[in-house]
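Two complexes, one shared chain (subunit A), two partners (subunit B, subunit C).
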Partner chain A sequence: MVSVDLKRDRVLLRWGTQKYEWCIEPRYWRNPTFGVAFLLILPLFFFSYPHLLTMLTTANLLAALAIPLSLQILGTARVNFGPQFYLGIGGYTAALLNLSFGWNPFFTLLGTIFVCGSVALMLSPITWIARGLYFSLITLILPLAFLDLTYQFGDIFRGEVGLFGMSPLFDLGRVKWNYLSYYYLSLFLMLLYLLGAHKITKSRFGVSLAAINENENVARMMGINVSFYKVIYYVVPSILTGIVGWFIVHTFRSFAGVTYLPLEFMLKVLFIVIIGGRASVFGAVPGAYAVSIIEEALRSFGHISHWVFPLVLVAMIYLLPRGEGLWGLYKKRHPRDYYPKMHVRRE
Partner chain B sequence: MIEIKNVGISFGGLRALDDVSFSVGKNEVVGLIGPNGAGKTTMMNIICGLYQPSDGSIHFEGTQITGMTSDKICKLGVSRTYQIPQPFYAMTALASVVTSVLNGKKRTNMSLGDAGLEASYYLEFVGLFSKRDELASNLNLYELRMLELARALATTPKLLLLDEAMAGLNPVESERALEMIWSAQEQFGITILWIEHVMKIIMKAAQRIVVLQYGKKIAEGPPEQIVKDPHIIEAYLGGKH
Partner chain C sequence: MNKARIFFIVLAVVLGLTLGISPAMAQKGKPIKIGFMGNLSAPFSLSAQAAAKLAVEEMNASGGILGRPVELISEDTKGEIPKGIEVYKKLVMHNRVDAVVVAEKVEMGVAGAQIGAELFREFPHIMFCTIGGTDDIWHLVRDNYDRYKFAFHTYYFVATHYLQILGGQILPDFHKNYIGSKKIALLYEDMAWTQPIRRGIPGVSPSLKDIYKSKGFDVVYEATISLDQKVFSTLFDDITKSGADAIDGVMGYIDQASFIKQWAQSSARDIPWFFWGGIAGMPMAWKMTDGMIAGGSIGSSFVKVPITEKTIPFMDNMIEKYKVGPIFGSHTTYDTLFGYRKALQQAGDTKDIEKVIHELENVKETAVLGTIGWDAKNHHNLPYPAYVTPIVQWQDGKMVPIYPKNIATGKFMSPAKLRK
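Up next is the complex of A and B:
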């Protein structure tokens, strides 16, 4: 009933009338399953090194920040220089709701989604009125202004110290197990974002998104309601970014604006987007891991990373001038080849 | 089909269009000609909703479209091409046309796959099916113009606005493009408002010509009458001639 057939380049599995095949030729090993399996196995090697597990968890969370940002860059055709603004809003909302009102993580999640969505919706008209440098400047200033607020209202946000002692998502009783579980949770969150973003870019909405990214006016003339799309692609990634803040609050159990809102953190996220591949949702994963590993490796050298990251960036731009990044290098195709090829069967 | 009444627009101190009125009937091909800077493309941009006129109104099939956004006007059935092709350079030819299919006239239950099939029909119609997977940046000028035509047709327009569709094409390509436009008009039953500088082509293609100069309409009539009009000869060649 079940037969397995090993061909030169593929494995065929027949089960009744069903036929499944997997390509095993190394040059086609681009199946995301391999990547996911690798990421699932990876922490088991670092089980005894909590700081490395934390590094991997941070890499997942950075990727989870970069994925919505890539989607936002595509959908609004503008580069948001302050994605961490919504991370701050999400984090502080969750922390304050938890500490002040004793809401459990599920309700703080709902609160985070609501607050981030409302703020993003209120600010979304900037995607219509501000272009290029103006949009970048506005988005750059937002997190810095929010950081200032956290100092101004120190009795609420606790300024530099931040908020701590929020209730955890769950507690397995042992520290190592908790680190491992947070890694898997962050991986799950990142993969969820990745899958969602991939589905969107490959759907009918993704094609319209690509058109907006290419030329707004022409897209509008082709019947695309550009203003509506821009609002959607500003608000939804903002909510997704806020959810990462919520996750940080309930896993690391402390949240300080001074860690996430300054320019250094924003630069890290933008480095991920550029190193991984400009506006490529998959590029966020290798980008985030590369940045986290470089950062961890250079931690003992102090502030050297401030020099190393720009150098890496210049090297990337010099070596991969089309902005395809690590993902483009891996795919070896044009990075913005939006639509799957259509083949005509000649049988 | 479309009625333009006393339309005027100013850019700062410049009066780009002043009190222009004309109409285009169903299945008609109307040429819009005039010297450089006469306001032809501005008129097209106003019809498409890119600019809002400072006075006058435009009615499309009885609906006032002045003040509407471009996407709504497109959904009503107005589509256009550009003087300088404006393709989506980083998208494949098929993807560009798919965008039009998905966003033009509302089609119920249109999936991405269905849209791909329909888009491939339009690409085949303009002779670009073999280039469907090419990025627009790899296409030549004639192919880009054809891609624009396919993209415009894919929104299923009732009125097609062609902005210098022959610019930069050699005589053979121009003839091919003209054939294509005629056959599009025949097959899809569309009305065409056509801006053109190549007089030979527009005189052959249009049933009626509207002439603009310095933002004002100076003549309107069948091509054979227009070529003999002394005002138009003066506008194009100067008073001496």
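Up next is the complex of A and C:
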């Protein structure tokens, strides 16, 4: 029935025809453990700096936006220039359900998942009919059109003011404890996305994705249902993006499309993907932290930071290994620390 | 040195800067700290920041507040709400400011009010919102006083006052007795702040259109303009066809330069217009429109007219010391800080926050635009005639104050006459 095999570098568990394996060789799990431990203890240094704790929370959320985007780029073989559209859909859904119907954060989360999933499913055929520049342009327009709607339907979305006064996720009685718990919750969300994305890229599903990414026609000839995969990889990351909107609504307690829907916000997420390293979903984490920390550091320089910040980001893109970013820089020095897996080429 | 080392050294420097503390102020005594937050790439926030610096400089020159120096801590929100929330927490929890001035569009004010309400119990402070024409801040106070009593809003006209005072008293008088118009074309920009003006406020005021009708005007045209709109020629043709003899624009953020240039070359060029605010009320508007703005009227506090003894020195000092024009948000920020100073002086202490709030609810102080003070129940500033925004008309390259009478230096002239 169930058999357990202890190999040199892994534990194998067989149950009927199913096989599960866990890597136990230290060099494969040491660095991720250190990384997660570092992120877990990081707030201890920033407990007296609640604003920096908020910055780190925002960095986690930015990473949580970049991870599904990376996965979506891989799975649909298309660059989505408007993932913040679903951030807006998720945020406004959670806010409206909370303010209008008094739903608590758990039910607004369910509502957010449902609405984001439904909207993404309705729009998913664009992954079939458009590719390359056309797909990017369509996805670019979606959040901008939604932003216009927030003005036109001001009764519902309250235009530039946005919605505010939503109930918090929880209240521990002390604001510092609340902010600390928001950090850990955002970290949990980000790590969950990261783990999920990593598992997917390593699985059989990931092999199919790699094939689609390389050449859709060849993938189709191999028997992969390309259309189905593309819908899945458009809908699921859209839902994950919407959940970040839900999180923002119940932690910041105000949500205005004018902040999240314009192109500037999307550019920041794209910069995170590229600086972190678009060749790996792990790149989103160093990318988000680097961009957030640099932005915060440059803010003390006053208004010159408004043009210095983008220059620094452009310089980083130029100086870091092309396509590999910060993650690639690190990985190159520790090539044996990574479990061998199929390499997905990304142009 | 390899790339990884360089990267970690750069990261260490960046972290050091992030954790760094702003330059220490070499002042004696425990200062009264005022936090300022705004989008420092936006002209209105930069102007408000200069006004805050000027106010603090003048306060320190005259002995500070309650014998204590005043320290201003400025922070840039970059116009992003997450950054604004971060900054608000920094000012209140880390810098331990006594008051925060949010000099940015109203979405940042309401986001600040939410965070401020969370913090208030453990970190008592006052929040002033000095930009934004919506009613949201004072509605929060009205609807939940205990939670939002720390929030005060100062602006030229909030939406309710726009309807009740500007729409209900000033504009009918201006159109009837100054312009001589009877048929009005109403234009709104598509933003949340114009919504109550378009639709009215139930139980408080009818819409601007209905107010005009009740005052004997005929509203012959009404349209809402998108912020992205650049072409207005068909709009002007429709206004001309409607027979309107005046255009009332509830607009501050649309592309006014394009609007004005197209108006001056359209069939509606002889129909005078009035704007509530925006770039048309700034000195550069004449150059920006190649003089086509002649004949346009606008609510502008940029004009040098002595509303009180503070008005002219404030405007001169802003330009002389900070090289910044006193555009919208600067007067309100400056006046708010002096109102706060008087309230603190009356309270005699900064620690008793309830007493400070009580004094803010009752304070009256001479201001740049009249008298600063806040409504005791709703925490919006005292409106016109206490707080005055002059109506000016562009005549021969200058903004000439034409309303109200006590500060007017000229009379309304028709656009056709001015073009001659």
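The definition used in the following text is that the second predicted complex is superposed on the first by the 279 of 347 C-alpha atoms of A that agree within 3 Å, B and C clash if a C-alpha of one lies under 4 Å from a C-alpha of the other, contacts with A are read in each partner's own complex, and residues count from 1 in each chain.
Operating definition for what follows: a contact is a pair of C-beta atoms (placed from the backbone, for glycine too) under 8 Å apart; a residue touches a chain by one contact, two chains touch by 3 or more.
All of these numbers come straight from a predicted model, not from anything done at the bench.
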item	value
Subunit B versus subunit C as contact partner of A:G154, first or second or both or neither	second
First (subunit B), second (subunit C), both or neither touched by A:T54	second
Touched partner set for A:A297, first subunit B, second subunit C, both or neither	second
Partner chain in contact with A:G162 - subunit B first, subunit C second, else both or neither	second
More subunit A residues in contact [subunit B versus subunit C]	C
Which superposed partner A:R220 touches (first subunit B, second subunit C, both, neither)	first
A:G35 touches, of subunit B and subunit C: first, second, both or neither?	neither
First, second, both or neither for A:G117, with subunit B first and subunit C second	neither
Partner chain(s) touched by A:R204 [first = subunit B, second = subunit C, both, neither]	first
List of subunit C residues in touch with subunit A within their complex	3-4, 7, 11, 14-15, 17-20, 22, 40-41, 46, 75-76, 78-83, 85-87, 89-90, 93-94, 105-107, 110-111, 113-115, 118-119, 122-123, 134, 136, 140, 190-193, 195, 226-228
Residue ranges of subunit A touching subunit C (in the complex, touch as defined)	48-52, 54-55, 58, 148, 151-152, 154-155, 158-162, 164-165, 168, 174-176, 178-179, 248, 252-254, 256, 258-259, 265, 290, 293-300, 302-303, 305-306, 326, 329-330, 333
Subunit B - residues contacting subunit A, complex	48, 50, 69-71, 74-75, 79-80, 82, 86, 88-92, 94-96, 98-100, 102-105, 110-112, 115-116, 120, 132-133, 135, 151, 155
Residues of subunit A that touch subunit B when the two form their complex	203-204, 207-208, 210-211, 214-215, 217-227, 334, 336-339, 341-342
